[in-house]
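In order of appearance the chains are A, B, C and D, and numbering begins at 1 in each one.
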Amino acid sequence: MTLTAADITAIISAGVPASADSGFRVETVSPGMVVCRTHYDERQLRPGGTLSGPTMMALADAAMYAAVLARLGRLEMAVTQNLNINFLKRPLPADLLACAEILKMGKRTVVLDVKMYSEGSQDVVAHATGTYSLPPAGRE
Amino acid sequence: MTLTAADITAIISAGVPASADSGFRVETVSPGMVVCRTHYDERQLRPGGTLSGPTMMALADAAMYAAVLARLGRLEMAVTQNLNINFLKRPLPADLLACAEILKMGKRTVVLDVKMYSEGSQDVVAHATGTYSLPPAGRE
Amino acid sequence: MTLTAADITAIISAGVPASADSGFRVETVSPGMVVCRTHYDERQLRPGGTLSGPTMMALADAAMYAAVLARLGRLEMAVTQNLNINFLKRPLPADLLACAEILKMGKRTVVLDVKMYSEGSQDVVAHATGTYSLPPAGRE
Amino acid sequence: MTLTAADITAIISAGVPASADSGFRVETVSPGMVVCRTHYDERQLRPGGTLSGPTMMALADAAMYAAVLARLGRLEMAVTQNLNINFLKRPLPADLLACAEILKMGKRTVVLDVKMYSEGSQDVVAHATGTYSLPPAGRE
């Protein structure tokens, strides 16, 4: 039942091939928190040399999904209902790490908090909160 | 000074090569509103056959940027400060259209509203609001 | 089954006595939209002479609830799940009006959009989106 | 220059008399974090016996403002630009506590995170993020 980091990486990469292209990987899994990584990719840069906002949003969303899978097991029909993100600081030219934490584990929704960092720095470059909606049956 | 739809498409595609891959295109430009399109791309699908959330977030963000460029002209250092998105309905297997409208044109920030539709349908599939931060000088 | 503006005003004022103090009133009800009003109250002013943010948030929340009641009838257990608000412009020293519109009417959630105006002006002073969660049974 | 908890309580209560009515008080001040309290008040209850959403939003907003004052000193023209709140759990019939933390201290904006608790419980009942806009001069 419990999924490993490799299991969750495989589920997400199979589900969305584009996320595999970005070198998305779940690094660490614990009951209420996961850490995920996106490789620094020059194709994702925007003017000024920083990772694009959508790259950060995609990582935030994938990290939230990974945290839901880590808690509930394979549950492909969970869908993002809401995501709110604040961009705080220009990321460094480095891999991007996301720590997703479950704030509320409800029957119908999961609310999560994600902090993102450039590898090698302690500054939060973006902060997101979001809600995943669970399928009516609860778990598959 | 005024940019056409083709100009803005070129600026955004040059700035972020990955957006060119997605077939992103500005379709219509008017003073307070732009319409943008992302091609339906099977690589962006998620389980269940729908376009992925990040594809929709990327389009929302690009449409907001396009609306800022349409109003202010070439301004490459405008950056997303905040984006909030609600996913309302499963998109159809079709191109995705985004209408971005300026709610507030401030000296330091622009606040925008984006509604997204599947081509051929009038249902709003996602709704986003966001804030772009302008460079201190106002315009470049 | 269908509630009038006066019915909805009474339900909300009975439910939250503090909202009655603020002179909250539903003005107009139609299937997908309601208009609500809060009286200009000097006690709600903040430094600079403007209505306080919380006054505007309270009106946005009440207007969303009013729109849910207008659509579904008496449903006291609907609760706010998420609210996101952007403050756009300093309100005038005047009553505050809120137009709430339903973006999505789901089985478990209602997503709404609220625009707020100072009476006598067409400028949007604040824009909110929010999600109400419906009781599992759907309707009471 | 540095303000105490009592100073900040006085500034906020003088600025918005309605917040004084709610028994708002800053409890603890440290450089990047403040803790604030709102008294449990039966007039703020909504059907079901819980504190109303607007009461929680008002506390979140005041706690963010308190954290800005704690960091920058007396700065009456800072205004809320955006607030996003997720309601996670029904609060207990008890005082409400809010811990506000600064995520980003920029020249033009401050981004904050607020967690709210019912006194005597460790469960987060609501979580907010928000942006305060600073006056152009930086500090008064």
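Criterion: contacts are C-beta pairs under 8 Å (C-beta built on N, C-alpha and C of every residue); 3 or more make two chains touch, one makes a residue touch a chain.
Treat the numbers as computed from the prediction; the structure is a model and nothing was measured.
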C-D or A-D - the one linked by more C-beta pairs in contact: C-D
Inter-chain centre distance, subunit A versus subunit C - centres from mean C-alpha coordinates, in Å: 33
Computed distance of Cα centres, subunit D from subunit C, in Å: 22
Subunit A and subunit D, separation of their C-alpha mean positions in angstrom: 28
Where subunit A touches two or more other chains, by residue: 81-82, 84, 86, 131
Pairwise touch network: line, ring, star, complete, or other: complete
Subunit D residues within the subunit A interface of the complex: 84, 86, 88-89, 103-104, 111, 113, 124, 127, 129, 131
Subunit C-touching residues of subunit D, taken from the complex the two chains share: 15-19, 43-48, 52-55, 57-58, 61-62, 76-77, 79-87
Sites on subunit A touched by subunit C in the complex: 81-82, 84, 108-109, 131, 133, 136
